[in-house]
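Input: a single structure, listed below in structure tokens.
Labels run A, B, C and D following the written order; every chain starts at residue 1.
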Amino acid sequence: MSTQHDDADDDVENPPLEDRLYTVKYSDSGESHLDVTIPGICAEKCTTYACQEVCPADVWEVPDGDEPPHIAYENCLECGSCRWACSHGNVEWEYPETGNGVSYKFG
Amino acid sequence: MNEDWNIVVCVKQVPDADDVTIDPETGRLNRSDAPAVLNSPDANAIEAALELRERVGGGRVTAITMGPPPASAVLEVAVALGADDGVLLTDRAFGGSDTWPTSLALAREAEELDADVVICGEESTDSSTGQVPPGIAAHNEWAQLTYVEELEPRPEDDELIARRDVEGGYERVGAELPVVVAVGFGENDPRTGGLHRKIYAETEFEPDTVDATDLGIEDEVGLANSPTKVGGMDTADPVARENEILESTDELTERIEEAM
Amino acid sequence: MSDVNVDDYDDVWVFVEQHAGTVAPVSWELLAEGRRLADEKDEALVALVIGEDVEEIAADAIARGADRALVADDPVFEPYRADPYGAQFRAVVEDRKPDVVLIGGTHTGRDFAGRVAVPTMAGLTADCTELDVDDEGLLLARRPTFEGDAMATIKCPDHRPQMATVRAGVYEPAEREDGQAVGDDPAEREGAIEFVDVVVDEPDTVSRVLEREVGTVADITDADVLVAAGGGCDGDVAPVQELADVLDGELAASRKAVDEGWVEPSRQVGQTGKTVRPDLYVACGISGAVQHLEGMNDSATVIAINDDPNAPIFEHADHGIVGDLFDVVPELTAQLRDGDDRRVIDA
Amino acid sequence: MTDEANYDGAFDAIVVGAGLAGTAAALTMARRDLDVLVIERGTAPGTKNVFGGVMYTPTLRELVDVEDAPTERYVAEKRYGILSDDGDETAVTMRPQAWNDAPHNDSFTVIRRRFDEWFAEQAVDAGATLVTETTVTDLLKENGTIVGVQTDRPNGAIEAPVVVLAEGANSLVSEGADLKRTDDRKDVAVAVKEVRKFDRDVIEERFRLSGDAGAAYHYFGDGAVGDTVGGGYIYPNKRTISIGVAYRIEDAATRNRSPEDVLNDFKHHPAIAPLVRGGNMVEYSAHAIPEGGVDAMPDLVHDGAVIAGDAAGMVLNNGIHLEGTNMAIESGYHAGDAVADAIEQGRTNARALAPYEENVRNSFVVENLEHYDFFHELIADDRDFLFEDLPRALADAQREYFRMDKTSKDEHVSRAKARMLDATGGWFGAAKKAWKYRKVLS
């Protein structure tokens, strides 16, 4: 699906994800609230990497080779898309505990 | 019979440092829409106070704070974590106080509470002078222990031993009671408050309130009695960096050699 | 609240901090800045030394530019304790009425400064990074607040003395040029050393030092070169340590590397660690969280090595390379080592 | 001093989540003198809630004085644009004068962080108890009846005769306790949003607004969200603009276009770029929107518990209408009302709480969901026509219809008609489509 609107007005700012995540207020509980139920499934069975595809914040990163996905839980915006997207139901998804995680200032 | 220690922990409400923004045009600091929260180093002070009470085997932990009425929220945080009580020092007369009158008010209240140990955070994120704890000790002429990593109570000798962080090493220093302690930022892992305790703290708990007259210092506080005045506040311009991204390690080696 | 007559207060004092005869480097840095301020104010620069058998240090201070030295010499002051130091310092201040008092912002300076400022109702500004005097000779003390995002200028118009604790590493130290001192005509550089009455004795003290271990733990705040290990090291900091050795710098670390137990806490740089100002800071596998940047942003040159091109550290670095630190760092170490050999041959 | 509290600790009801449904329920119960405990996982109500940008307030108006609520602008203009990915836009704009007078068609743009906190304060003022920074991790059950909740704090269990599950789209507690099935990824949309800060007059000039008037722009077609089913939106606030896209997680998972790319491309479309250029970004956010409609709705009533708001899938998205806020508040109100009645009768099993489900089914909440229930399958299998062919056909037909040359108007009309019929598959195709979409307009 090609996008023909590269000639659009140039001062539409689309900052890199790093700057976008920098605008989100976040408190780190120190441990990940996300995990994979059975690592083996990702390595052997998964070919679609849906978790990586749907994530708006690059939390999931599927390495080549056979380790489970790398989870940058500090980026998580708590939308939950990965838990629905994974066709193997292999995403362990919990809320960050006791008030940690994102704190939206607008929402 | 173990002596119960009266432990007072000083806490402060500050604008959340994450939300203090700098207006790009005027360069002025914008604290208005930053929510007021507990000064983060004070979380280590509360934890140290609760641990001390547990190690002494008894005694009371009373949180005190100086500020406008909404500041009682940080007393609720302390009570929710396990402090027994809280006292709010609030009075229009306190307005504009710098370290000198602030530490005076806290010192007088600590005396009122017959404190054996006063515990503070290392500094506050909004003024970060780190001078209030030594100020309290000086006003009361009590012993003090700053940059503390660990506390070792010796109730039988009325002494508190602390491991202090000093440049290039550490010290173990014993201090006679009463003593004022400043706990190093990040030196312990604050506990999570119990659910029922937090509900009690945020609903039924009411702090006592004390004003300048109660402490007998009504004409020793406020702007007039503050030696230091803020002459100006502007944004710190970030250090200019070249941001050069190199392709090969030998170019990087050259840059390293140049910087030596 | 007694009104102070500011005109009764003169001279710029610099506190020379020493432990068992070893002077803290920041004291000589403040002596240099003190000299400049004293000349601006056309007043004397006085060194204040508290300790045991410290006359030699007082002489050193004069050789480095102080006009006079005041010395409180007694066993009660060794090792350092806040209450005796505070009481003695206060007594001398109340007696001699200095206008400006500069103290190094070390854990010692920031520990006892309050015990001087409170009883004398002096204006104390902590952790300054810039000093100046305005045209009426009023001290302008500038310091960072809000995690370094803002700079506040603090004044002390109606109270004296004007006290400030100042961060280490801001100024170049005042040097001794073989017996002569900075600035003044070298020949007459003797200046009086005066021993003041000691007002403290042991029974008055309320604290005792049981143990003091200094020098066993790295003091990364003093190092000129720091090579820092971050989360990207995944447990193996050996290559980073080797690079530090070849640069004869010190190993430093981000909070993640310390929390994971790969590096000892005393080497942590950042909000809950140390603030450093080396000439060269090499960040290996460090993403660049704001809490870390706050501790190393004053480094002269920052080099960043990270495999994520978007890592914020690159925005705060002078030179960087995107790559796996386990490849890049050993290569740098090797090239620098060959470079040393080459230099040895050429010398 | 030990860890147990010395407050009496007995609550009539526990509400999980201080979002719109949870707070509406808590406010309603508090006003009927129930002892209500609201447990919010965020540091304050609103910190964990993200939405498009427009709050619909018909039920809110019955609970509080909307004039006191922290709103940004009232919606004075609705605009629907169809975007082709060649850069064309065909749009319909409505600015009924009546919307400029209160109650402004009960449509306001709001900032959830401020609104939710204010709304929760009304419940607290009415007597509810709010505890924050606490996450409910499970339900407490005694032989099948729900008797309380477990939280992630020490000594974290607490009991009450009824639990109102208003946990939002990620209804982990309801799913964990098997009160509802986890939705299929075809029935959930991922939404990403950007809030940009502007000077107030820039916004008012750019969107032709004055005073507190605002607007709600919605966009569809491949030019908006690419090869997926979904849409984009722009909602001007006082000094910020909300810009976002939402589309099915199914498509995000299979069309290898990340939500961030879809948002970036939406912003670059020639019809969108002039409205969003400049300013500075102050927040990037993401959220999930349940779109399973009435089929995906779980049982709303259980022994000792009810489910309300997004957690019950109560969001209407049929392209034209994107409504969740009104449904959340309405369902919260009905939940609170039914729980209060049940408590007063002293019985809180599913039968005693049944009026909640009846009232919600008889309200606009479920009626609208049922009315547009067909819409989902329709959209899915007619996607290419609606999102790819129609936008382009409309653009081409307009060009023909409004062409300025020396041929006759008849010429233009017939060419425009031909282009449309070509897209719909002739007269017969057009009739079939009209029949299929009759419910949209009827």
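Operating definition for what follows: contacts are C-beta pairs under 8 Å (C-beta built on N, C-alpha and C of every residue); 3 or more make two chains touch, one makes a residue touch a chain.
In this text, all values refer to a predicted model and were calculated from it rather than measured experimentally.
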Partner chains that chain A and chain C have in common: B
Winner on C-beta contact pairs when A-D is weighed against B-D: A-D
Centre distance in Å when chain B and chain C are each reduced to the mean of their C-alpha atoms: 23
Whole-Å gap between the CA centroids of chain B and chain D: 43
Between chain A and chain B, centroid-to-centroid distance (C-alpha), Å: 36
Where chain D touches two or more other chains at once, by residue number: 44, 134, 153, 280
Multi-chain contact sites of chain C, meaning residues that touch two or more partners: none
Multi-chain contact sites of chain A, meaning residues that touch two or more partners: 17, 97-98, 105
All pairs of touching chains, each written as two labels joined by a dash: A-B, A-C, A-D, B-C, B-D
Residue numbers on chain A that touch chain D, as the complex places them: 1-6, 8-9, 11-15, 17, 19-21, 23-24, 27, 48, 50, 53-57, 77-81, 83-85, 87, 93-99, 101-107
Chain B contact footprint on chain D (complex, rising order): 1, 3-7, 9, 37, 44, 129-131, 134, 151, 153-158, 280
Contact set on chain A toward chain B in their complex: 25, 97-98, 105
Interface residues, chain C side, partner chain A - complex: 259, 310-312
Residue ranges of chain C in contact with chain B within the complex: 1, 24, 79, 81-83, 86, 106-108, 110-115, 117-119, 121-127, 140, 144-159, 206-219, 221-222, 225, 247, 255, 266, 271-273, 279-280, 282, 297-298, 300-303, 305, 314-322, 328, 331-332, 335-336, 339
